[in-house]
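What follows is a set of structures for review.
Two complexes, one shared chain (chain A), two partners (chain B, chain C).
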Partner chain A sequence: MRNRILFTLQFLFTLLVAAFLAVPAGLSIAAGVTVNYFRGIQSGVTLQWVAQVWELYAGTILASILIAVGTLAVTLVVGVPAAYALYVRGGRLARVVEEIITLPLAIPGLAIALALLLTYGGFGSFRRSWLFILAGHVIFTMPFMVRSVMAVLATIDVKSLDEGAASVGASPWRRFVDVIVPNAAPGILAGSLMVVTLSLGEFNLTWMLHTPLTKTLPVGLADSYASMRLEVASAYTLIFFVMIIPLLVAMQWIGERGHSR
Partner chain B sequence: MSHKSFVWMCLLPLAAVTAAFFVLPMAHLLVTGAEGPRGLPEYLAIIADPRYRATLLNTVLLAAATTVATLIAATITGLFLQRHRFPGRAVMIAILTFPLAFPGVVIGFMIILLAGRQGTIGDVSSRLLGDKIVFAYSIYGLFLGYLYFSIPRVILTIMAAAQKLDPSLEEAARSLGASPWAVLRDVVLPALAPALVASGAIAFATAMGAFGTAFTLATNIDVLPMLIYTEFTLAGNLATSAALSVGLGVMTWLILALARTFTGNSVAAAG
Partner chain C sequence: MNMMTRHGAALKIENCGKTFADGTCALARATLDIGQSETLVLLGPSGCGKTTLLRIVAGLETPDGGGRVLFDGKDLTRQPIEKRNVGMVFQSYALFPNMSVAENIGYGLKLRGLPKAERAAQVAELVALTNLGGLEDRRIDQLSGGQRQRVALARAVAIRPSVLLLDEPLTALDAALRERLRGELNDLLRKLGITAIYVTHDQAEAMELGDRIVVMRKGAIAQIGTPREIYFTPANRFVAEFVGAANIVEAPIEGGELILPGGRVPVAGPATMSRAVAMVRPETIAIADAATTGLAGIVDGVRFAGDRQRIIVRDAASLPLAVDAPNTIKVRTGERVGLSIPPDAIRLLPDEG
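And now, the complex of A and B:
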C-alpha cells in the first residue's frame, strides 16, 4: 500500500517535470502554425508564419548551416590528428594540452567573445567576415571532437594496429589515414554530430561577435523574440527544432548502440 | 618522416589554432582588465564595489537556488525512471533529455511562452483566480529558465549513477527493517554523492555564466553576465567588463575544477 502511494507520487512528479519541459516546446510548435495564437488553434492552421520567417531570416539559416559545416571541417582537420597525437604521446604534455583546449567549456562564452573582440576587433576585414564567428565556434567545439576521438582510441589497441601497419612498410601518414581514421570512425561521427549541433545553437559567443551582416540563426531568433509577433518567433523556433532534432536523435541512437556493444 | 615527428605535425595545427584564438585573446583580456583608470585593483572591484558585489551576490544566490532545485527534481525523476519500467518510459526519457541541446535564447522563449504576457500560466491563473500571473521577465523567470536547462543534464548523470548502484545493499537495509526514507538517506544518497556533486557543480557554473536566457527575458535582470554585457556595450567600459568576465571565468572554472578533484570526473559547462 505504502509502496503504491510512493510509486504514484514519484510518477506524478516525473510527469510534472516532463510537462514543464515539453509543454512550452509543444506550445511554440503549435503557435508557429496557428493563424492567431491569442485566439487559439481554432483560428486555423497556417504555414504563413513559416513562409514569413523564410522571407525575413533565410540568410541567417543558411549562414548557420555554412558556419556549422565550416566549424565541422576545421575541427575534423585539426582535431582528429591532434586527438591521435595526444593519445599516442600521452604523458604530462598531453594532459596539459587537453586541459587548455577544454578550458573554453568552463569559461562563459561572454568572456571568450570579449577576449576575441579585444584582440581582433581592430582587424576590420576579419572582424566583419564570417571567419570571425567561425573562429569562436571552433574554439568552443574543438574539445568535443578531440575528446570524443580520444575516447574511442582508448578502447582500441592503437599501438599494435599502428605497429602492424608499420611492419609492412606503411608511412606514418598512410597509417594514420588507412588504419587509425577508419578505426576511430565511431568517435569521429559522435564528435561531428556534437560539433554541428553546438555550432547551430551557439548564441553566447555569436551574439557578441556578429555584425549586422553576419547574423546566425540563434542571433536571428533573439532578434525575432524581441521584435516580432509571437507566431513569427514560434515559427522560427520551429524551424530551429526541425534542424536540430534529427541530430539529437542520431546522437542518442549512436549512444545507445555504443552502450549495447 | 619518423613517427615521432609525424606526431608533432599532428599537434601543430591544434596548437596554432588554440594559441591564436584562445590563449592569446585570453591573455589580452587579462591585461585589459588591469588597464582601466583603477589599474590592477579593477580586479577587486567585483568584491569591493557595492553595486558589483550586490550583482555577484544575486548571481550566486540564483545559481545556488537553481542547483538545489535541480538536484531535488532530477534525483526524484532520475531514480524513478531508472528503477521502474512502464509504458511510455522511453518517450518520457526522450522528453526529459532533448532540451539539453536548446540554446539559452530558445529556453528564454520557452519561459516567455510559459510565464510571459501571453503565457500559459497567466492564462490559467486569470481564468481560475481572475489574476494574470506574469513573472517571465524577472529573476523568477530566469530561475525557471535555468531549471529548464539544468534538469536534463543532471537527470542523465543521476540515471547513469543509479544504474551502477548495488541493489543488494538496499535489500539488506530493508530486511533489517529500515524505512524507505532511511534507505534513501543512508544508502542511496551517499552512493549517489559523487554524481550529485559533479552534476550540481555543472548546474551551478552554468547558471553563473549563462547569458542567452537572461538576454531573451530582459536586459535589466541583475546578474553578472548581463552586467558584463551592459558594461561593454552600453557603457563602453572595456577594463571593467574584462575584469568582471575574468572574475566570472575564474569562479566557474574553480567550481568545476573542485568538483572534478572531488569526483575524478571531467565536467563541462556550456550554454
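And now, the complex of A and C:
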C-alpha cells in the first residue's frame, strides 16, 4: 500500500516535470499555427505564418545548413587527423595543444567573436562572406570533434593496430585510412553529431559576426522575435524544430548502429 | 605457394643496442647471424631485452648509433617496418576489428596491388594451411584465442616475408591450447621453411621450435646454441637454472671428485680446480642402494607427477637435490637412499661469485 502511494507520487512528479518542459514547446508550436495568438486557438489554425517565415527567412535556413555542413567538413578534415596526431604523440606538448583547442569551450562566444572581428575585421571580403561565420563555428565546435575522437582512440589499442598494419606494409597514410579511421568511427560519428547540432543552433558568436547578408537561422529567429508578430516568430521556431529533430534522430541512429556493429 | 623449400632472407644483426630516452639500457650491443630458413628463438625472462631485439629487427625500434640490421647483406637499418617486408605476429595479435578474417589475411596482398581473384586464391590457400576453413567471413571479435592466433600467423605469412617475427605468439592462450598450437606452429614453420625469429619466455617452446636458442638476461646474451647445447652444456648458472630444472652444487674438488656432505662423486673435466660450481639435471641422477654408491642422502619428499616422480633428497649436498625417478620406484620420506650420477652428467660452471 505504501509502495503504491510512493509510486503514484513519483509518477505524478515525473509527469509534472515533463509537462514543465514540454508545455512551453507545445505552446510555442501552437502559436506558430494560430491565426491570432491573443484570441487563442479558436481564432483558427493556419499555415500562413509558416509560409511568411519561409518567404522572409528561407535564406537564413539555407545559410545555416551550408555553414553546418561546411563546419562539419572542416572539423572532419582537420579535427580527426589532429586528434590522431595528439593521441599518438602524447606528452606535454600534445596536452598543451589539446588545452588550447578546448579553450573556446570556456571563453564566451561573444569574446571569441570580438577577437575575430578585431583581427580579421579589416579584411573586407572575408568579413562580409559566410566564411567568416564558418571560421567562428569551426573554432567553437572543433573541441567537440577532437575530444570525442580522442576518447574513442583511448578505448582501442591504437599502437598495436598501427604496428599490425605497418608490419604487412601499410604506409602511415594507409594505416590511418584503412585501420585507424574505421575503428574510430563511433567517435567520429558522435563528434559529427555534436558539431552539426551545435553549428545549427549557435547564436552568441554568430550574432556578433553576422552581416545583414550572412544571417543564420538562430540570428534570423532573434530578428523575428524582435521585429515580427509573435505568431511569425513561433512559426520560425516550428521550422527550426522540424529541421533539427529528424537530423538528431538520424545521426543518433547512425551512431547507435556504429556502436552495436 | 612454393613450400618445402628454403625461404626468407639471411639476417645479420650487427652491434645493435638500445638505450631509451630516459637512459635505461634495454639491450647491450649484440651481434647475431641468422641463417636462411633458420628458426632462432630469443629466450629469457621479461625485461631481458628479447622483445627489444625483435623490434629492432622488425624496424619498430631503431638501434643505438652504429648498430646495423642487414637482410641478405642489404642494410635496412634506416627503413621503417613497412619497407622491410617482415611478417610479424604480435603478442596481442593486432588484428583489425573492422575487417573479416579473410580481409585481415589479405590486407597485405591488397596493399601490394594483387588482383582480387589472385588475392582470394592465396587467402584460401592460407585459410586451409592454418585450419581456418569456414571462418573467412567472421569478424575478429567472433573468434576464439587460438583462432585469432592463427589469423595473425596467416596474415604475417601471406606477404611472403623475408623473415617471420613472432613476439610471444602463444602467451595469451591457456596451457592446453598453447601446447597444441606449439606443435602446429612447429609443423608450419618447417613446412614454410622460412627464416623466423621467435621470442618467448617459455623454455619448452624454445626447445621445441628453435633451431638455435639465444638465451638472454638483463639486456645481454647469456648463451647461443642449439636446444641440446643449451640444455646439456649451459654456459653459466643463469642458463642452467632458466632452461629446465637444475641442481646447482657448490663444492670443493679433490682428486677429480666432488666432495659433498653425503659422499664423493667423480667428475669429468679439468682436475686443476679446487672448488667448483656444478650443475646436475634431476633426470640424470639415479636412485640406488646406498651401499653401492659413493653418495647418499635422506628422502625429504616425493612429488608424484604421473609419468615420473620427483624425489627431494637432503643431506647429500649442501642444498637438497631434486631427482627425477621412474614412477615405478618406491621410496618413503625419511628413507636413506644412494644416488648415482654419471661423471659426464655433471657440468662444471664458471664461478660467478
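Here, the second predicted complex is superposed on the first by the 228 of 261 C-alpha atoms of A that agree within 3 Å, B and C clash if a C-alpha of one lies under 4 Å from a C-alpha of the other, contacts with A are read in each partner's own complex, and residues count from 1 in each chain.
The criterion applied here is as follows: a residue touches a chain if its C-beta (ideal position, glycine included) is under 8 Å from a C-beta of that chain, and two chains touch if they have at least 3 such contacts.
Model, not experiment: these values are computed from the prediction.
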> Do chain B and chain C fit side by side on chain A after the overlay, or clash?
Replying inline: fit
> Touching A:157, do we find chain B (first), chain C (second), both, or neither?
Replying inline: second
> Is A:166 in contact with chain B, with chain C, with both, or with neither (first, second, both, neither)?
Replying inline: both
>> Touch test for A:211: chain B only (first), chain C only (second), both, or neither?
In response: neither
>> Counting residues of chain A touched by each partner, does chain B or chain C come out ahead?
In response: B
> Does chain B (first) or chain C (second) touch A:182, or do both, or does neither?
Replying inline: second
> Once both structures sit on top of one another, what is the angle chain B-chain A-chain C taken between CA centres, to the nearest 10 degrees?
Replying inline: 100
>> Between chain B and chain C, whom does A:97 touch in the aligned arrangement: first, second, both, or neither?
In response: first
> In the superposed arrangement, does A:86 touch chain B (first), chain C (second), both or neither?
Replying inline: first
> Closest pair of CA atoms, one in chain B and one in chain C, after superposing: how far apart in Å?
Replying inline: 7
> Do chain B and chain C touch any of the same residues on chain A, and if so, which?
Replying inline: 166, 171
> What residues on chain C touch chain A, complex-wise?
Replying inline: 58, 60, 80-83, 85-88, 90, 92-98, 107-108, 111-112, 155-156, 158-159, 165
> For chain A, which residues count as touching chain C in their complex?
Replying inline: 156-157, 160-161, 163-171, 174, 178-179, 182-183, 185
>> So in the complex, the part of chain B that touches chain A is made up of which residues?
In response: 1-3, 6-11, 13-15, 17-18, 21-26, 28-29, 32, 73, 76-77, 79-81, 84, 86, 92, 94-106, 108-114, 118, 120, 147-148, 151-152, 180, 205, 208-212, 215-216, 225, 228-229, 232, 238, 241-242, 245-246, 248-249, 252-253, 256-257, 266, 268-271
> Which residues of chain A touch chain B in the complex?
Replying inline: 2-3, 6-7, 10-11, 13-15, 17-18, 20-25, 27-28, 31, 37-38, 74, 77-79, 81-82, 84-86, 88-89, 97, 100-112, 114-116, 118-120, 135-136, 138-140, 142-143, 146-147, 166, 171-173, 176, 197-198, 201-204, 207-208, 218, 221-222, 225-226, 230, 233-234, 237, 240, 244-245, 247-248, 252
